[in-house]
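Below are two complexes that have chain A in common, paired first with chain B and then with chain C.
Entry: the complex of A and B
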C-alpha cells in the first residue's frame, strides 16, 4: 500500500466525478428529492375516510350515532338515500365503506335488544379496511359510553383497555417512515455510486491500462471506495438533517452512534456496488443488477414498512442478507427509542460482517488478470 | 420499412440475450422476487410476541389470558413479575406488547365495574402498533361479549356487524400480490429499456444508427418492441403465479387485464426510452431509472394509500402510470371489473404512453453530445 499512489487514484476519481455530474446528483440531490417526496407523500395515517351512511328511518337514536361519525376525525360520512345508492358509491370508489342503520334500529335499542349496525367495507385494501374497522369500533364505544352517561347507567363493556403506545404516542407514521426511508435511500446511493465505476474501467479498457502501472488491486479498490464513501456520508448527513429539522422526527439517541452505524452501513452498500461492478465487468449488466438488488429488497424486506416478525420463517431468513434490514432497525431505535445497546451492537456487527464480506469478495475476485 | 424494424428488433434481442449474465438478470430475479415478496409483503400480523404482567390472581384474568393464548395471531414470549421488566422487553424488541393486568381485575369485574387493562405497545412502527392494538381489541371484544352474557351485565344496545366485500377475510396478500404484478412488470420493462439508448450513445453506435436510412419512428419501434414483449411475457407469467400459486381470486375479465397490461407496458416502455435517450452515459441512465422508479412505486398506492397523501402529492400521482395500472389489476382480480368500468384508467395510460413515446423519438435526434 502506497499512500501517494492511493492519493493519486483518489484525485483521479474525483476529477471523473466532477466531469459527469450525475454522481454528485446521486449523493446530494437524490436524497433531498426522495426525502421531500416521501416525507410528505407517504403516510399510513388514514384521515377523513369517505363513508356512505344509510339510515332507513331517522330518529334521535340514529342521529346520535351518525353524529359520532361526523365528530370522528377519521371519517367523512355522507348520507345516501338507499343501500343501493351507497353500494354504487363504493363501486365507483367514492366511498370506502357503508354504515347501515336498519328501519328497526331505534325500536330495538329502546326495547333493550341488541340492534345490529351494519358495516360494509371495501376489503380490497385489506390493511386500510382493518384500520377502518378499528376506528369504527372506537366510534361505537364512544356512542355506548355517551348513552350510558346520559342515562346515568354504568357502562356495560367489562374491560376498559388503556393503550400506551411508547416512543410514538401520537402514532405519527412519518416518525417511523422517515428513518426507514433513510435506509432505503442510502441503499440506492451506495449502490448507484459504485455499481458502474469498476465496470466502466473494464468496459473502456482503462482497467488494463491501470494494471500496467505499479498500483495494486487493493489500491485501485480503495481509490474507488474512499471518494464515494466521503460523498455518501455527505448525503447521509443531509438526510439526517432533513429528518430532524424539516420533518421534526425526534432524535432520541446519540448522533455519534447514528453516524458510526451509518458509516458501517454505507461501507456495506458501497461494497455491494463494487462487487456488482467487478462481477459484471459490463455497465449495462451492472446497472440492471443494481436496479434489481437494491431498491425493492430494501423497500419490502427491510422491515421499513412490512413487519419482519410476521413473515413466514423461510422469508425471515432471506431478510438477513438484506443490509438495509439491520440499518432500519438501528435507525428506528436510535431515532425513536435511544441508544439501546443490545440492538445497536448486534445489528452493527451484522453490518460490519456484510461490509467485510462484500469488500473481501470484491478484492479476491479482482486479481490483476486479463481474461 | 417492416423489414428494417424487424432487423433492429432482432439486433436488440441479441444485444439483450447474448450475454449469459444479462439473460439471467432478466428472467431469474423477477421470478425469485415474486415468490419472496409475495410472502414477505403483508400487513397481516402473525405470532405477535407479547408478554404478560398479571397482578391479579383471580379467574377472570386467567380466562382473558386464555383467549390470547388460544389465538394464532399472538405468541406469548414472557411472563413478568414486576414493572421494571416491561421497559427492557419493549426496548429490545423482545415483545411487541405487554398486557398489564391490575391487581383488582377479577374483583372489579365481579362487582360489575369496568376493569382497566393496560396495553403497552412498542410504537417504533406506528402501523404495526395500530394493527396490533386492533387485534387486541378484537380479542377483548370477544371476551367482553362472553363475560357480559355469563355474568348478566346486560346487552349492549347495538353491536357492529362488520362484513367486507371482495376480500372477506381481509387478507392483505390479496391486495399486495396483484400489486407485485405491476411492480415487477415496471422493473423488468425499465431494465430492458432504461439503459439501452444510453449504452449505444456511450459506445458511439447510436450515431451510426442515426445515419442509417432509418427514421426515428422506426428506431423507436425497434427499441420499444423488445421491452414490450419481455414485459408482456413476464407480466402474464406473474399473473398466472398470482392466481395458481398464491391463490388470489381472479373474478374480472381477462381481456380488461390484458388491455390494461398492454397500455401500461407502452407507457413504461415510453418512459424508459425517454430516460435512456435523455442520458449521455449509462450512469446517468441508471440515475434516471431510479429517479423515476422509486417515486413511481412509492406514490402509486402499492403500499400506502393515495388517499392518505397530501393533496398536492395526490395530484402528482396522476402522472404516474403505475397508479392507474394498480387500480386495473386489483379491480380485475378482486372486484370483477370489466373494460367499460375501467375506462377512466385506460385513457390516462394511453395519453402517458403517447406523450412519452413521442418525447423519446424526438430526443433521439435532438439530444446530441
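Entry: the complex of A and C
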C-alpha cells in the first residue's frame, strides 16, 4: 500500500465527481429530489377522500348523518341526486365511494331497527378502499353515539377499543417514510454510482492505463471505496439534516448509533456496487444490474413503503438477502423508537456480514489483469 | 548481453481467448527478442494479435504457456516491478477526460510514486516536448485527437521508462500530429529508450529499426525494413500512361496475369510483379523499375500466408466491383457530364463557433471526391450537412438535384452512407443486418431477395451469414457496412473515414470496390486520414479550421504546395505545408 498512489487516485475521483454532471445528479440532486417528494408529496394517509352521498329521502336523521361525514377530516362528501349520478361520479374518479341512505333509513332508525347504509367503495385503489371502509365505520359509530347521548340512553357496545398509537402518535406517514428513504439514497450513491464509475473506467480504457502502472489492485479498490464512502456519509448527513430540521421527523435514538449503522450499510452497498462493476464492464449493463438488484429492492422489498410481514412467504424470504431491509428496520427504530438494542444489534450483524461478503467476493475476484 | 539488458523477450508464448463457444488463438508459440535502444514496429492485419502482444508485454495479460520476460523479469511473478520500468500507452489513450492536462500528469506521477518536486522539472520537459504547455488547464476531453495522443505519451514517459509500449499511437491522428509524434519517439530512441509500437502506416514501418510482422498469432518475419524488401528486388515497377486515368490503369494492371499488386501513387501506378520478369508493357505504358519498399514485402508475405491458410480474404481473389464488366471508357471522359453535388458558401455555426466557414465546391457524377483535413477541420460537419443529418446555418446545398435545406428526406433515399463506426447492429448476424437495412430502405419481394443475394456474393459475405457482427474482424465489418449502404442502389455514396483502423490489405480491397463503383457511375464522397488514399480521388478539397485551403485534382493540390525547398511534394507534404502556412497566417492576423 502506497499512500501517494492512493492519494492520487482519491484526488482524481473527487475531481471527476465534481466535474461530471451525471455524478452530481446521482449523488446530490436525486437524493434531495427524493426527500422532497417523500417529505411533501407522497403520503400514505387518507385524508379528504371525495365521497358521493345519495339520500333517497332527506330527513333530520339523514342530514345529521351527512353532517357527521362533513365533520370528519377523512371525507369530503358531496350530495348527488340519484345513485346513477353518483356512479357516474365514481367512474369519472370525482368520488372514491358512495354512501347511499335509502328511503326507509329514517323510519328504520326511528323504529330502532337496523338501518342499512349502502356503502360502495371504489376498489381500484385497494389500499385507499380499505382505509375508507374503516373510517366509514368510525363515522357511523360516532353518529350513533351522538344520537344515543342526545336521547339520554347509553349506547351499548360490548367491547370498547381505545387505541393508543405509540412512536408516531400523529400517524404521520412522513415520519416513517423519510428515515426509510435514507436507505434508498445510500443505495443510490453506494451501489449505483459506484458501479457506474468503475464501469466507465473500463469503457474508456482508463482502467487499462491504470493497470499498466505500479498501482496495486488494493489501491484501485480503496481509491474507489474511500471517495464514495465519504460521498455516501455526506448523503446520510444531508438526509438526516433535512429530515430533522425541515420535515420535523423526531430523532429519538442516538445520532452516533445511526452513524455507525449507516457506515455498515454503506460498506455493504459499496461492496455490491464494486462487485457489479467487476462483472459488467460497461456503464449501461452495470447501471441496469445495479438498479434491478440494489435500487429497486431497496425501494420495494426493504419495508420502506410496503410492510414485509404482510408479504407472501416466498417474497418475505427473498427480503432476507436485501441489505436495505436490515437498514430500514434500524432507521425506523432509531428515528421513531430509540436505541432498541435487540433490533439494532441483530440487524447490524446482518449488515456487517453482508458488507464482509460483498467486499470479500470483490477482493477475491479482482486481479490486475485484463482477462 | 545480460538477461536484464534484454528489454523484451517472448519465449514460446501462447495466449488464447474464449469468443462465444470457440477459443481464439491470439498468439501462437511466439518467440522473439527486442534489441535494446531500437524502435521496433509491430505490423499485421486485424486480429493478428498485436494488441495481445502489447498487453502481454505490459503484464496486463499472462501467457497460457511459455514465458514473457521484460527487462529480465518474468511477467508472471514480477509484474509490479516491470510496471515500474515500462511506459505503456493503450489504444484509447487511457486519459481521464474530466481532468485537465496538468491533473492527468499529476495523477500518473502519483501512480508512478514520483515526488512532486522531482516530477516538476520532468513535467515541464515533457510539456515542452509535446508542445502541450499552453494547454495545461484544459480538460483533456477537449483536446484534439493528436494532442490526446501526445498527452497519453507524456503520461507514459513520466518516469523515464526503459521500455515504451505504444499500441497504435497514430491511428486516427492527422499527418501533422503524426509527424510530431514521430519526432518525439525518435528523440527518445536517441536517449537509449527501447520502443515497441504497433502501426498501420507503412511509412512509419520504414522508419523503424526492425519490424515484426504478425499473422494469426504467429510471427511471419522479424527483420530490418531493408531486409524485408530486399528479396523483392527487380519485381517493382512504376507504370505510367498519358491517355488513361490512373485509376483505370490500375484496374487493368491488377487484372493482368503476373501482377500481384497495383497501387496508385502520385506519379503513376506502382506494380509488384510475381517474378522478376514483368509482363509485357502495353502500348502507351511506360514501365520503370523502382526499388522495393516494405509495403511490397507486406503484401507479398501476407498474400502468401493467406493463400495457404483458410482465411477467405485475399486481395487478389476479389472480383473487381459490381456485376457489370469494367467500363472500357476512362472515368475522366464521363465525369464532365453532370454535377451531382453542389455546395455554395456553406456555413455552420455551433453557438458562436464557426465550424464551417463559407465553403464552396462541386462534385461531378462518377467522381471520387475526397475531403481531407486535420482533426477538427470541419470535415465531419460538412459531411453531415451533405447527408442531411445536420442543417446548414447558411449557404446552398444541392445533392442529386435536391435542395438539402428543404427536401433532405427525398435526397437521402438516393444516398448511401457509411459512418465512421459503421452503424451496424453488433448482436445481429450478418444476414440479419442485411435484412434489416433492406427493409429500412423499403425493398420488397423479389427485388429484395435479388439485392440480398447480390450483396452476399459481391461482398463475399457467404461465410459469415450467421456470425454476429460483434465477432467479425474490422475488415469484414467494413465490407458489410458498404453492402448495407448499397442495397438500395444509391447513385451517391458517402463514406466517413471508412478505412480508419482497418488493416492495409482490407484497405486495398476496399479501394478496389470503391474504384469499381465509381467506374460504374456511382459518385463517391470520402473523408480520410490516409494521405496515400487521396491519390485515388479524382478531386479533393483540403480543409483546415473550417476553411477550404486547396481544391482540385491531387496533382493540382500538390502543385499548390510546390516550392524551392519541396520541388516534388507528396500529398502528405502538401497537406502539412498548406495547413501550417494557413495556421501561421491566422496566428499572424490575430
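As a working rule, the second predicted complex is superposed on the first by the 367 of 371 C-alpha atoms of A that agree within 3 Å, B and C clash if a C-alpha of one lies under 4 Å from a C-alpha of the other, contacts with A are read in each partner's own complex, and residues count from 1 in each chain.
The criterion applied here is as follows: a residue touches a chain if its C-beta (ideal position, glycine included) is under 8 Å from a C-beta of that chain, and two chains touch if they have at least 3 such contacts.
No experiment lies behind these values; they were computed from the predicted model shown.
Superposition note: with chain A as the common reference, chain B and chain C are in steric clash. In the overlay built on the shared chain, the residue A:107 is in contact with neither chain B nor chain C. After overlaying the two complexes on the shared chain, residue contacts for A:210 are found with chain C alone; chain B is out of touch. In the superposed pair of complexes, A:2 makes contact with chain C only, with no contact to chain B.
Looking at the superposed arrangement, the partner reaching more residues of chain A, out of chain B and chain C, is B. Once the two complexes are laid over each other on the shared chain, residue contacts for A:20 go to chain B and to chain C alike. By the touch criterion defined above, A:11 lies against chain C but remains apart from chain B after alignment on the C-alpha atoms of chain A. Within chain A, the residues touching chain B in one complex and chain C in the other are 20. Listed in rising order, the residues of chain A touching chain C in the complex are 2, 4-5, 7-9, 11-12, 15-16, 19-20, 204-206, 208-216, 368-371. In the complex of the two chains, the chain B residues touching chain A come out as 19, 21-22, 25-26, 29-30, 33, 36-37, 39-49, 64, 90-93, 96, 109, 112-131, 133-134, 136-137, 140-141, 143-144, 147-148, 151, 153-168, 170-172, 174-175, 183, 187, 190-191, 194-195, 199, 202, 279, 281-287, 289-291, 293-295, 297-299, 303-305, 307-310, 312-313, 316, 330, 334-335. Residue ranges on chain A touching chain B, taken from their complex, read 20, 22-23, 25-26, 30, 33-34, 37-38, 40-47, 49, 65, 90-91, 96, 105, 108-109, 112-131, 133-134, 136-137, 140, 143-144, 147, 154-169, 171-173, 175-176, 184, 188, 192, 195-196, 200, 280, 282-285, 287-293, 295-297, 299-301, 303, 305-307, 309-312, 314-315, 318-319, 329, 332-333, 336-338, 340, 342-343. Note for the complex: chain C touches chain A at residues 17, 55, 58-62, 79-80, 83-84, 86, 88-99, 103, 106-113, 139, 152, 155.
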